[in-house]
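The first chain written gets the first letter, and so on, giving A, B, C and D; residue counts start at 1 in each chain.
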Amino acid sequence: MTALPTEVVDYQPDEPTLYTFGGVEPVAMIRPGQILRTYTEDCFGGSVLSVDDLPSKVCEAFNPVTGPFHVQGAEPGDTLALHLISLTPARDRAMSATFPHFGALTATHTTAMLHPPLEERVWQYDIDRPAGVVRYRARRSQFTVELPLDPMLGTVGVAPANGEVRQSIVPDAHGGNLDVPELRAGTTLYLGVNVPGALFSLGDGHARQGHGEVCGVGVECAMRVVLVADVIRGVWTPWPRIETNSRLLSIGAARPLEDAYRISQLDLVHWVTDLTGLDVLDAYQLVSQAGQAAPGNVCDPLYTMHAAIPTSVLRGATAYGGVHRRLRQHAGAAG
Amino acid sequence: MTALPTEVVDYQPDEPTLYTFGGVEPVAMIRPGQILRTYTEDCFGGSVLSVDDLPSKVCEAFNPVTGPFHVQGAEPGDTLALHLISLTPARDRAMSATFPHFGALTATHTTAMLHPPLEERVWQYDIDRPAGVVRYRARRSQFTVELPLDPMLGTVGVAPANGEVRQSIVPDAHGGNLDVPELRAGTTLYLGVNVPGALFSLGDGHARQGHGEVCGVGVECAMRVVLVADVIRGVWTPWPRIETNSRLLSIGAARPLEDAYRISQLDLVHWVTDLTGLDVLDAYQLVSQAGQAAPGNVCDPLYTMHAAIPTSVLRGATAYGGVHRRLRQHAGAAG
Amino acid sequence: MTALPTEVVDYQPDEPTLYTFGGVEPVAMIRPGQILRTYTEDCFGGSVLSVDDLPSKVCEAFNPVTGPFHVQGAEPGDTLALHLISLTPARDRAMSATFPHFGALTATHTTAMLHPPLEERVWQYDIDRPAGVVRYRARRSQFTVELPLDPMLGTVGVAPANGEVRQSIVPDAHGGNLDVPELRAGTTLYLGVNVPGALFSLGDGHARQGHGEVCGVGVECAMRVVLVADVIRGVWTPWPRIETNSRLLSIGAARPLEDAYRISQLDLVHWVTDLTGLDVLDAYQLVSQAGQAAPGNVCDPLYTMHAAIPTSVLRGATAYGGVHRRLRQHAGAAG
Amino acid sequence: MTALPTEVVDYQPDEPTLYTFGGVEPVAMIRPGQILRTYTEDCFGGSVLSVDDLPSKVCEAFNPVTGPFHVQGAEPGDTLALHLISLTPARDRAMSATFPHFGALTATHTTAMLHPPLEERVWQYDIDRPAGVVRYRARRSQFTVELPLDPMLGTVGVAPANGEVRQSIVPDAHGGNLDVPELRAGTTLYLGVNVPGALFSLGDGHARQGHGEVCGVGVECAMRVVLVADVIRGVWTPWPRIETNSRLLSIGAARPLEDAYRISQLDLVHWVTDLTGLDVLDAYQLVSQAGQAAPGNVCDPLYTMHAAIPTSVLRGATAYGGVHRRLRQHAGAAG
């Protein structure tokens, strides 16, 4: 990889209009190494302003994304690396809700049952950035409690393969609504490229979320996003992967949930095999004992789980030729 | 609760003979507060002595448990609290394996397919207790790596309800083969009592395991176990729960995996509701944002997941009247 | 097989007391070829006498079975053949119901959700045996309609393997609560024998049921049962199988439902392979195109599906050495 | 509905180029009542010509569809009725195959496992239309057998909602790759309209298939199709439905398979409620006892099941104002 440019590209979207991955012309083109500063509206399109705004009444669509961005030089068969430099809540409040027939502990349109929906209810969280907390307030009592602020992006993806266009609410091999809390600032997301320019979009910022997003909705907030992209040419990534400073994560998206587990574990076994030269059953054994796993969402059209392994057990092996470290250093130099 | 006795009961089992929960007379009676010192053989019954001992050749049965123990005064409708004081690997090695048609990334007898089984292979780990590590050794290369020693019990349960007798390999509402790595020394396990005396048994020690036990087998080792039991009278616990010094965990066991997730999350929502007085939807929201989750096993006859919440967010609420803290103090005093 | 005896054994049970498979001494011994005349109470133990008797109020336990019967000479590794000679509703009415948190279109204890249960409601059906119909009556309107009378046994099984004792509500490899409507008079059920004498029990008669028993309950009625047993020595049957005069059926029991499908299809592929000498992939192809499938229940602790194939496509191959035809002829001669 | 026109529209496609639903301009416009005569290539695009043509070698894409057709006057919120007048195999042979990592009894890309794929193998069937049979020939022995010819369309759908574009291999609420053998000549398929003109496409003819298409592939053949469309204005159909001369069927598409069951059963319960005026729990009970169910496919990206009820039990109620009968009569008059 040659030296990366350090220009900054600013892209500030208008009102939310994009709710899909695929099938749309890019809004901007960026070059590998350029710093992209942009903004993502919350999953309610900014329409839920108080606990009295029921999403089913005030929203016409859900989960807008910003983009798509064309990454110069990205071609099908390559891997797009997106390094998140910073995620900053754009407001001092965030919203959550229950939504009719959506979530893990309710009948849904596909886990179809005779039950009427649970009550639709909205919660407002105060975000205290200096203190690094969000404040939960109960709606039926005076109970409040502070939880750690832990900003993440719920939805990042590229244009899908095979000419498909998918709603932004869907996670799959192209990324999308992964809802994996590990997608924080400082991490690098790897996605296989299906179309020229990759055409990535992003959105669905959460001030924080629990594992599995059990009620179906995180602590939703508009987000200022700074990131840098790179392209790993000629290397394919079949399912979304994340690299942090200490771990490698593979993400699977499927139903039933064990298939999301299987996809993520098998991808990690293959990744470890590639990085260490271990025989595949030896890698299977190592992942079995050193691996970590957690659900991202158990509510979206496909469920997600991640499989993770500490890089320390890989004895110095480096993923994708060290692109994560380089992008981190580059971001530091550019910042 | 009155003062607990501090006698120590020693029970050292003979050759493994017990492979079920339920239907068996107790081997010993203990009183609440008595310290039980016992031993559990590994899941291979101690028969896999080297990497040349294939489990399918050398084992006649799997997952022996030690017990059952009758806890004086435990009656149906009560909750049994088992506080694990210490778990000490009884040997300086531990074994793992792939096993034909068992594990998450292989066809099994119920995820039935036309594939022949994967290769059966055994791995031997050295346990270095002073250093607090286990050493993984690849079988097809020279790769070795140290992983943290993190002893746990895979299998702890009581006699099931409704007169059922279940194989020890099965996890369910009675506990059993939970394979939840959080069941370490220093934690308290809560199980609903189904029969007089509860009749708990334990086994399947792991020097460590990954989340989901993806290959189907942990780092299996015989274990010296010290624990203390107590009975919470008149309080029922529908699914296994664990209390650590900083978290509450609910465990679900079911297939598909999302049902294990649902059970554990719903139990935790109800538990948080009980402890905080929150309205149930308010508790659902709090768990959604503050909750943690991970798979225990994705290979046993029922899969397990846990749902967890930091006790710090419960604003001082105390589970089961503080039995975990009392047992911890009692163990410290007895030690 | 030598000539079968033609004596008749009558066994009329007292009040229902048996709710499990396994762990119980036999109530009677029968010899292969003897005709057994017995009676099964309905799944409510006969306690739901009108639409005002809510099962959750009037029943203490569910799904009583009659037995177990020891079949002389049956040994582990053999196959028990049970030929149902006749199934006659023992009353002129049958009952059905919705039950709290039970059924396919409701949250349950394992598909755990925050919904309160659906309304518990009872329906009474009139049985008109001469006309061969049961009469459905709506509870909230005057709508009535006649449906074909189609008597079947929901629950037939043997003592499980590995010393397990399972509730009679559970279907699994040992049979149990299969809820497969094809288990009619004139068919032969094959079950692998796990303990000496096989120790089979039966119950849960339905005047009819739909595929999957979607509300969780069939048209439940006490039943007079006449059957004859035989033992196929040295031949193992891994999952329940049924032979009719025109079809072979394999039954799988598992969750998720696709695993019940997989088990049943794989067992049928292996069965067809054995009977025809086809290569296994050739049998897979034949079953793929000529096979039939339907759900038995999608509500019990494990779901059931059957895979079936017309015997006509097997070009004269005969299952289990022709035992179905011989038992049918024997029953005719004995009748 | 006014009198329907009886003109015939012929549309003969060129080489297969369409592999998606949605996102494409119509190839032709038809008016309600016009007879459409068209042709569908087989799922291999006609490239598998003998048992030596392995699909993975000779095919670049799978499951081409013919269309889309714009139906004049169809608007979002309406229901499209497609009455299949005739389905005629266009060749005297049909092909089936196993395909790497596709099918119900193999590891797949989402039921991800460490197994290498099963052998890829092709079977050729002779179609004897006068005799009404297809001839199966084993590949590894001389075994052959005739099976009933039972032509159906595996794939019929409209443009999806929300601007999505889906691969033709996917079944969902818009129809698509349903693989339901009941979609024969003489039946009417109902699909909710999502875009102006509905934009339906069709393909994937099978000379026959078993329930669940267990190996992943039917008896695939190019098909001459004659059909007539109509639009039911202002009436929405949430999931695909089929009406035959004697039954109503609802189709669900989802994973796990129990969710496909739930969707189809719930849709049928609601449909019966609408048609009969029954209270919804009364309809649930009626469907529970009179209903039928079977899997369509247990191999595609979403699995399908149908729920069916004989129209005879609905006491004269008529679906969609009798459009099925009218289209049938119209087709007869036009023929």
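As a convention for this text, a contact is a pair of C-beta atoms (placed from the backbone, for glycine too) under 8 Å apart; a residue touches a chain by one contact, two chains touch by 3 or more.
Since we're looking at a predicted model, the values are computed, not measured.
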Chains touching both chain A and chain D, listed by label: B, C
Of B-D and A-B, whichever chain pair has more C-beta contact pairs: A-B
Chain at maximum distance from chain A, centres defined as averaged CA atoms: C
Interchain centroid distance [CA atoms averaged], chain B/chain C, Å: 36
Whole-Å gap separating chain A and chain B, where each centre is the average of the chain's CA atoms: 33
Euclidean distance of C-alpha centroids - chain B vs chain D, Å: 48
Two or more partner chains touched - positions in chain A: 105, 111-114, 118, 255-256, 262, 265-266, 269, 281, 284
Sites on chain B touched by chain A in the complex: 96, 98, 104-105, 118-119, 121, 123, 134, 136, 138-141, 143, 145, 147, 208-219, 255-258, 261-262, 265-266, 269, 276-279, 281-282, 284-295, 298, 303, 305, 307, 313, 315
Sites on chain D touched by chain B in the complex: 105-107, 111-115, 118, 256
Interfacial residue positions of chain D with respect to chain A in the complex: 19-20, 22-23, 109-114, 162-167, 252, 254-256, 259, 262-263, 265-267, 269, 280-281, 284
